[in-house]
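Look for chain A in each of the two complexes below; its partner is chain B in the first and chain C in the second.
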Partner chain A sequence: MSTVSWITARGLFGRRRFLLLFPLPVVLVLLAVLSRSFGVDPGEWGPPVLVGLGLAVVLPVVALIVGTGVLGAEIDDGTVVHILTKPLPRWQIVLPKLAVATGVTAATVAVPLYVAGVLADSVRLGLALAAAACLGALAYSALFLALSLLTRRPVLLGLVYVLIWEGLLGNFVSGTKVLSIQQYVIALADRLAPTGLLETSVSVPVAAVMTALVSVGFTVLAIDRLRSFSVAGETS
Partner chain B sequence: MPEPTGVIHDIGYQRYTGPLLGRRHVFGALYLHGLRTAFGLGRSAKAKIFPWLVVGIVTVVAAGVTAVRSQIGEVVMTYAQFADNMSWLVIFFVAVVAPELVSRDLRSGVLPLYFSRPLPRSDYPLAKLLALATALWLLLGGPQIVMFLGAAFTTDDGLTGVWNELLDLLPGLLYAGLWAAVFASVGLLVASLTGKRAFAAGGVVAVFLMTTPIVGTLSIMPSRTLNELAGLASPSTLVQGVGVWSLGDLLVTENGGAAHSLIGDFGPVYAAAAVLLVAGCVALLLARYRKVATR
Partner chain C sequence: MTTTSAAPRAGAATETASTLDLAGVSRWYGNVVAVNDVSMRLGPGVTGLLGPNGAGKTTLLHMMAGFLAPSRGAVTLDGAPTWRNPDVYRRLGLVSEREAVHSFLSAYEFVLASAKLHRLPDPQEAARRAIALVEMESAQDRRIGTYSKGMRQRARVAAALVHDPQVLLLDEPFNGMDPRQRLHMMDLLHRLGDAGRTILFSSHILEEVEQVSGTVQVMVAGRLAASGDFRTIRRLMTNRPHVFAVRSTDDRALAVALMAEPSVTGVELARTGLTVRAGDYGAFTRALPRIALAKGIRVRQLVPEDESLESVFSYLVEA
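Here is the complex of A and B:
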């Protein structure tokens, strides 16, 4: 574990506000357990809990808070110069941070999704959801990490993407689904464990290629932006 | 011992002898400043992007609805339904504005400066809350006025048509006020917990988005009472429940019976819950600022 990832992990876990992330997965598991114990048909509670809550809210929101936090927090309080002035290639800064963000997001999201998936259908669905959520965590983290270097307001821009692009437009304009990480995750999970619970219009090859493209593309973009990064004060 | 050479010059310092404005004026100034901050007025162009993006989208939607109604004659959504359909944008707007209002002051540590004025502890959060609620009400009410104007000028029934439209508009505006009150109090409370705008925005969105699927799950439970009370779990469905109870057919145009069974006979419970939620959030906000100020 490199020093950069160690510092990043400590920066994430060392603050009290990180505890704010935990209610999200807990609610997910609670709802799944509640529905199961009441004996509701999984076909009814599966889509709102697994997709509506798990993949559409918990995954992007956790990825947004963590992904913009790993680098954005240091840029915000100006301590990023300490890392930038070390004789490290930029990719050795971006990649460990991306790894930490992906790992934390995947751990917080995949575990409750696995539990909910097992309760909804089978261990296979649980594993498929967990695996797809890990891939989604990578793609989201790469996107939000790059955002925190491209703009001074990464969280708000990320919210525009999550709320307006994926949430609002995804419901009305089906074409935007081709450019939505949430849909890739659903498509991949559905391919790994075909059930009637997950539905998407994006095909599996498109989802796989686009997930890889998003992950690699935004990581390369982040490394490139960090090369010519200028430190500035807080925006007005 | 040498003679003292220092001289005190009179360089014209004067005491302030003008009128001293009191608490009401501080409150008013804080409120006005908050309202301007909400829309990024008097600030850089960057601060205007996100609020005006939301304002632009709702205005375009309202214009589209008006155009469809005047051309085809089909009512896409009523005034009250407009607020419901814009709920995602309302959440985003709160996530943009609430941290601007309170988190910046927490982060830069200027609260002692505010409280050194003739300003009671409780006035600061109340002024901010009022500003946020007003901004939200303008956001939801403005487009309804656009829709009203469009309908009023294309009506075929003369003045009675305009009057009927007005009777439809007023409950819509009141309903927008309810949305504003609930979302402003919850959003401002969450935002006041942290000085980092990024985390405040994430927290606001998390609170509002997390609760919606809970409603979805509770409403398919095999208990009818639980189904009808499910809406209490999320601010937006709570507001909608109050709206269905108090506005009835203004909010639900097609198959009104189905929507009424959505909340059953629990309408008063929804109203009480909404009042309690707002009161509770305001109380917590006041408690929060008693603590922050003494730090």
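Here is the complex of A and C:
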């Protein structure tokens, strides 16, 4: 484990907002277990729980908390200077942080999605949801990591993207779905395990290409922005 | 190579010393000019960057450390720009003013992490050496979150020194330190400067700068108001009378004789001695022994009264 990822992980787990990660996945599993045990038809509870809660809320919100935590939090409190005053090419700082963010998000989200998917349909759906969520975790993490360097309010902007763009506009303006990580994840999961539960208008090739583009594009952007990282002039 | 001494590595002194160059550096934010056309060259030794709050010291330090792009001009370390060039951190260490540390780490872990990020061949030994340099061994395994402000500052200095940089920049390093820690830090900076390192520290407290370094760069309102040895700077201010405290065997007779001297602009007689104002530093210091000898008066004490950095600084700020 590189020193950057070690510090990043210690920082992530050392902050109290890390605890925010747990309620959402727990609620997801609880809802799935309850629906299943009351014998509700998976066709009824599947879409709202798996997509409406799992992919539309749990995945992006966890990714937002973690993705802005790995770098944004360090920029906020100024500790990032300690890592930046080292003769490291900036990709050696961004990539480990992206890996930590993706790994933590994926682990937090994939497990409950797998459980919910198994309860709703089959092990195959569970695995498909988990795998797609991992890819989604990568794309979201790259986006939120770059946001930490582009704006002083990455959490706010990230929330606007998740809630307004993906959540609200996606329902009314179908064109916005092409620029929605959530839709890519749905399309990929549906391709891996075709059931009647997941629905999207985005085609699988578009989803695959766009997921890769988002992940790589925002990572490259983050590396370049970190190269020009400026400390705001402040006087005591 | 291992050395048990707390001084900087002896072998490192054979490396070529580094020079930090600023050529016509300006930085503005919108239409506010924070740093205005500053040129300076920093070589081995300790230099104090002095100026009132808001003079642009921190902005200048950030540009030197590669954390801010100059709006105009260039900042180079041994010819290489510091902006967008992480390689300069092999030779440069920074202790920023903002007291930000990974509080969940212990000082040893923190310094060790810095050593590893520098890819030092023996990070454990380097971390131990740096911690010994700031005398933090006894507290090195406690979480930084439990430290006092001065201890945190020392932990950060240790982290900045772990790779034995040629250039060390410190922004207000004495803030929050108690007198003992302050003395220790001053001593450390002296030793590093004597070992051929280029040390620049900023401060708005004259006393600190005066005690640590004779060479100052004075910033006032974004401009470099003066640079060099502050006693020399003082002497160059010929439009300001120099004030001397003189005590002799016969103050009254000396006062009378001095009034006839053209370089003297005023004499004040008090029970404790004379306060003499002289327009020309050189002429007065040459005239005094001559006059005393001629009158048969023995001068017991001659002390320049306004060569303190305080008075130099207030002259500059008023100017």
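The definition used in the following text is that the second predicted complex is superposed on the first by the 232 of 236 C-alpha atoms of A that agree within 3 Å, B and C clash if a C-alpha of one lies under 4 Å from a C-alpha of the other, contacts with A are read in each partner's own complex, and residues count from 1 in each chain.
As a convention for this text, contacts are C-beta pairs under 8 Å (C-beta built on N, C-alpha and C of every residue); 3 or more make two chains touch, one makes a residue touch a chain.
Values in this document were obtained by computation on a predicted structure and should not be read as measured data.
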item	value
Partners on chain A (chain B, chain C) - clash or fit	fit
First (chain B), second (chain C), both or neither touched by A:65	first
Chain B versus chain C as contact partner of A:229, first or second or both or neither	second
Contacts of A:35 with chain B and chain C, given as first, second, both or neither	first
Which superposed partner A:167 touches (first chain B, second chain C, both, neither)	first
More chain A residues in contact [chain B versus chain C]	B
Which of chain B and chain C A:24 touches, first, second, both or neither	first
Chain B versus chain C as contact partner of A:82, first or second or both or neither	second
Partner chain in contact with A:53 - chain B first, chain C second, else both or neither	first
Vertex chain A angle, Cα centres of chain C and chain B, expressed to the nearest 10 degrees	80
Smallest distance from any CA atom of chain C to any CA atom of chain B, in Å, after fitting	10
Chain A residues contacted in one complex by chain B, in the other by chain C	235-236
Interfacial residue positions of chain A with respect to chain C in the complex	3-4, 6-7, 10-11, 14, 77-79, 81-90, 227-231, 233-236
Chain B - residues contacting chain A, complex	43-44, 46-47, 50, 53, 57, 88-89, 91-92, 95-96, 194, 196-199, 201-203, 205-206, 209-210, 212-214, 216-217, 220-223
Residues of chain C that touch chain A when the two form their complex	27, 29, 34, 53-54, 58-59, 62, 65, 67-69, 84, 86-90, 92-94, 96-98, 100-102, 104-105, 110, 113-114, 116-119, 159-160, 172, 175
Touch list for chain A against partner chain B, complex	17, 20, 23-24, 27, 31, 34-35, 38-40, 44-45, 48-49, 52-53, 56-58, 61, 64-65, 68-69, 72-73, 76, 152-156, 159-160, 162-164, 167-168, 235-236
